[in-house]
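Next come the structures, one after another.
The following pair of complexes shares a single chain, chain A, combined with chain B in the former and chain C in the latter.
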Partner chain A sequence: MQILRRMIARLAATAVTLVGVAVIVFVVIRVVPGNPIAMMLPPGATDADIQRLQELYGLDKSIPEQFLIWAGGVLQGDFGTSISLRQPVSELVLGRLPATLELSVMALAIAVVLGGGMALTATLYRGTRVEGAIDVTGGMALSVPDFLWGLVLILLFGVLWPLFHISGRISPSLGFEFQSNFYLWESFVRLRFDVWTDIVAHMFMPALALAIPLAAIISQLLKQSLKETMHLDYVTLARTKGYSETSIITREALPNAILPTLTLVGVQFTFLIGGTVIVERLFSYEGLGNMAIDAVINRDLPLIQGIVILFALIFTVVNLVVDMTYAALNPRLRHA
Partner chain B sequence: MSFLSIQDLTVRLRGKAPILRRVSIDVAAGEVRALVGESGAGKSMIGKSVLGTLPQALGITGGRIILDGEDLEQLSPRARRQRIGAKVALIPQDPLTALNPSRRVGPQITNRLVDILGWSRKAAEARALELLAEVHIPDPARVMRAYPHELSGGMRQRILIASAFAAEPKLIIADEPTTALDVTVQKQILRLIAEMQQRHGTALLFVTHDLGVVSKVCQTMSVLYSGMVVEDTNVREFFASPGHPYSAALLAATPKYTDPDGSLTPVPETVIRAVEEEVAAFDREMEGAA
Partner chain C sequence: MRDTRGHTRKPGLRLWLSGGWITVLVLAALLAPWISPHDPLAQDLFAGRMPPFWQAGADPNYLLGTDSLGRDVLSRILHGARLALTVALIAGVLTCLIGATLGLIAGYYGGWADLVISRLVDIWMAFPPVLFAILLIAVLGTGMTSIIIAIVVIDWTRFARVIRAEAMSQSKMDYVASAQVVGRSRLGTALTEILPNVLPTIVALLTLEMGIAVIVEAILSFVNLSISTDAPTWGGMIAEGRTSVHQAWWVLVFPLVALFLTVLSFSQLGEGLKDHFDPVLR
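For the complex of A and B:
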């Protein structure tokens, strides 16, 4: 009952957030200089041409009027039409969403495995050189942003030692017909591992670039939290029962130490999704972020709005999921 | 032959300052030995040396710990852990922090039986239920499914006692098992430990500040000052005529049960100075020998 009420409160808050984001973005992209119509017309178009197209896209009306028209459409599921691509925004955006989701989730998985592994190893070898080496590595990983890691990876594994693809999402030569845009998922469930491997080889570097800073954060936070937990009485008691150091860490300490890390990982994951904008561009990966940059360059107002709303929605959903996981993992909250 | 024989155990802080000074303590099978001394004397460190849970900064630099005829320091870390897990158990000081908050009570009692001693889950659960009833917990089946935060401190200490006895260890180390509890609960828990010890015939190394408790529960005792055993005696003799001036002063500084509000004599300066001198002389001797 409690949980249900909390969920409803959260959903209401989410709705308010989304409206707020919509208003702000709507106003800001109309106030900054740059005319979408002028961008799309060839040089030498007459003022009359511009005027006609402005009317067509409703850009001649006042901002509040435009907003009401747009919001009315949104309520019916119509996010308008992209000015530069001349297709419905919802179609464009939903078509690109799977690519970005797959990339983000892959990056998150890499970050959790890398960061978690580093934290556990450092805890197992605490006070030794191994811990020192992991601390230094983590510090380095954190002091370089994701897109620079992208460049480093391109140099290493794209140029010097070409193990992975440096651009795109899939090799066009494969000629595989997808039924959805979840390429990674679909090729896996249809057991086409040749296609799957090709997709992973495309995704791996951008995902790793996004994952490295998050892995470092997870590693440092989880290690700190494990370190504190390892001194607690119930851990000591388990030690006297005859458990090995490894099982003490993974069975007794980890389930409790993971909670504070989890909250922060949620926040950091939203940053990671934000990071896809530049990283997708860098690797010419056909996701939402890449599309967002084109939309901004072209001053494609409806498309920008659609993408921003979708990003905002993703962020709030991620936070909601983190909260619920936290409650599920923490028995004190579950029974409260 | 004693079940536990600590011989000349020396523990140092980062290989330098001694924390335990050639401590020798024997506990025979079924014996209840008190370990008394003021705060910081090193009582807990003796228990931790045996259990293998010394803080990282501390290390054993001399002496032997013989458990059931085996020198623990000669064993591999893995074998040492398993011997301790099978033969020794700890009743911790603070029941509020000694149970894992994210696990149900049942698995915390049965885990040693299942994971370390290889019992079947079913047998371990039956055993846990039996022990919870033995420590007077009403509705043991419900408590097995509860999380620690749903239970009172007294209940949790009963659970930890049940858990300590679950594998029928030969020796239990109880490190001030009642100090963290309500005064009203303290007596019950103390009585319970004594009762369980008698029923199971387990040897008990009982760490405490409280000489009143010693007189009721223990047969033999070691008095510790600054990491040094100043007296090793049996309890009746200690209360009749303490053999060391520090012991005598400690006894005088303890409220009598017959007269709990009576005026107390703090340990006199001269006694402290004398025992400090003894410790210093001991250290010089140790340095000379090294």
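For the complex of A and C:
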């Protein structure tokens, strides 16, 4: 009962947030001077041309009216038409979403493996120089944002020691016909490992750049909770029974220490998704973020709106899922 | 415990190193017009993509080499420091003033003020910050004022969130109650009792914020939405360096090193100050 009430309250809060985001984006783009229509017409267009286009995109109506028309469309899955690309926004955005999702999930996986590994190693070697080195590395990793890590990686593994590709999502020369936009997934399922390897070689560096700060956070937090768990009686009991230190950490301490880290990973994952905007640009990766920057440069209002709303939706959904997972995993909340 | 000992020892070195770099940077920024060997905007088309001084074919006039238009990389980095630090200082202080004030109001007064401010913070948190920044710049137009406004509009929540929580816990303390008992006004208590106690947190957050402002400015000039296309910004230099990284690595590496050290220093300084002020760790 308690859980159900919590869920409903959370859903309501999510809805309020999303409407708030929509209103803010809508108003911000429209109250400011600068006419997007004038920018898309060739010089020498007449006032009548401008008028006609404004009517076509509904820009001649008042802002509240425009909002209602747009919101009505959104509820039916219609996000309007992109001004610069002249295609439905929903099509464009959904076409790019898989690229960004694959990148984010890969980055999350790298962060979990890297951060988890760091935390376990530091716990195993606690009190030694190894732990100190891991702490310092983590502190550095956390202080510098993904954008800068991306540039450092480009220099290291794109130029100095060219192991990976530094731009794009796939080598155009492969000429592989995809049926979906989930390239990584599809090439894997269709067992084309040559294509799959090429895609990974493109994705690895942007994903790693996004993963580094998150890995540091995971490592710090997991190490902290492991440390607390290691002092508990049942761990001491396991030790007196003669289990090895490694199996005490991974089999006894880890399952209990993982819950607080999990919540945080969820929240941080949304920051990671936000980071894709600039990292995709840096690596010329054809995802949502890269499209967003182009949309802003071209002042493509409907497209900007669509992308920002989608990002906000992803953010809130991730947060919601984390909350629910936490409630489901935490016995104290389950029976409360 | 080892851990606590390590923790109290480290901030010293950390604060010195990062403070040292920031000091060097501030001096470089202040003195840039006098110590720069060249005009940062002057092009020399006969000296394009000259390597740094220790490499074959270098011109000792251009210590850190030149970019594709023959502009001196060192002079551009020095002048870039001016722009970066100006944005960091103004945007940082404004963000701090607005965010901390709202946080203080929400945390201390509570009630509907807290409700409105907290809800706003939640909405703000649903925006991807980089996308939000780019959106605002697209709307406000490029230029230093726009960048500063964008940073303030996006980042006030960082201060508001933390200061709200701090003010809330402080306002439950006995000393606040006693201030009220002796008849101090609400506003008076907020300014003379609560504010001094959250000030260390504010200073630490401000330092962190300045590092964030530097990176936001760099990102915006990287996507060509910053001050102007040929102004010597680190982000702009990095963008040019990124496209010619296989021909002239130094155009990317030197501004990147400057930016990296600056961001790292502000962050380490902020974290160090936070630990330094934290009575539990001290």
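Throughout what follows, the second predicted complex is superposed on the first by the 319 of 336 C-alpha atoms of A that agree within 3 Å, B and C clash if a C-alpha of one lies under 4 Å from a C-alpha of the other, contacts with A are read in each partner's own complex, and residues count from 1 in each chain.
By definition in this document, a contact is a pair of C-beta atoms (placed from the backbone, for glycine too) under 8 Å apart; a residue touches a chain by one contact, two chains touch by 3 or more.
Fair warning: this is a prediction, and the values are worked out from it, not measured in the lab.
Asks: Quick check on the superposition: with chain A as the shared anchor, is it clash or fit for chain B versus chain C?
Replies: fit
Asks: Between the centres of chain B and chain C, viewed from chain A's Cα centre, what angle do you get? Round it to the nearest 10 degrees, please.
Replies: 90
Asks: Can A:252 be said to touch chain B (first), chain C (second), both, or neither?
Replies: Only chain B is touched by A:252; chain C is not.
Asks: Can A:151 be said to touch chain B (first), chain C (second), both, or neither?
Replies: So A:151 only meets chain C here.
Asks: Is A:127 touching the first partner chain B, the second partner chain C, both, or neither of them?
Replies: It touches chain B and chain C both.
Asks: After the superposition on A, what does A:16 contact: first (chain B), second (chain C), both or neither?
Replies: Second partner only.
Asks: Which partner does A:282 reach: the first (chain B), the second (chain C), both, or neither?
Replies: A:282 sits against chain C, while chain B stays out of touch.
Asks: Can A:274 be said to touch chain B (first), chain C (second), both, or neither?
Replies: second
Asks: Under the stated touch criterion, which partner chain does A:29 make contact with: chain B (first), chain C (second), both, or neither?
Replies: Touch partner of A:29: chain C, not chain B.
Asks: Which partner chains sit in contact with A:159 here, chain B, chain C, both or neither? Use first/second/both/neither.
Replies: A:159 sits against chain C, while chain B stays out of touch.
Asks: Of chain B and chain C, which one touches more of chain A's residues?
Replies: Between chain B and chain C, the winner on chain A residue contacts is C.
Asks: Regarding the shared-chain residue A:233, is it in contact with chain B (first), chain C (second), both, or neither?
Replies: Touch partner of A:233: chain B, not chain C.
Asks: Measuring by CA atoms in the overlay, how small does the chain B-chain C distance get, in Å?
Replies: 8
Asks: Both chain B and chain C touch chain A; at which residues?
Replies: Chain A residues touching both partners: 127.
Asks: Across the complex, what residues on chain A touch chain B?
Replies: So the residues of chain A touching chain B come out as 127, 232-234, 236-244, 247, 252, 255-256, 329-332, 335.
Asks: Any idea which chain B residues touch chain A in the complex?
Replies: Residue list for chain B touching chain A: 51-53, 56, 78, 81-82, 84-86, 88-90, 92-94, 97-103, 111-112, 115-116, 147, 149-150, 160.
Asks: Using the touch definition from the top, list the residues of chain A that touch chain C in their complex.
Replies: 13, 16-18, 20-21, 24-25, 28-29, 32, 34, 127, 132, 135, 139-140, 142-145, 147-148, 151-152, 154-155, 158-159, 166, 227, 273-275, 277-278, 281-282, 289, 292-293, 296-297, 299, 304, 307-308, 311-312, 315-316
Asks: Where on chain C is chain A touching in the complex?
Replies: Touch residues, chain C against chain A: 2-3, 6, 119, 122-123, 125-132, 134-141, 211, 215, 218-219, 222-225, 238, 242, 245-246, 249, 252-253, 256, 259-260, 263-264, 267-268, 271.
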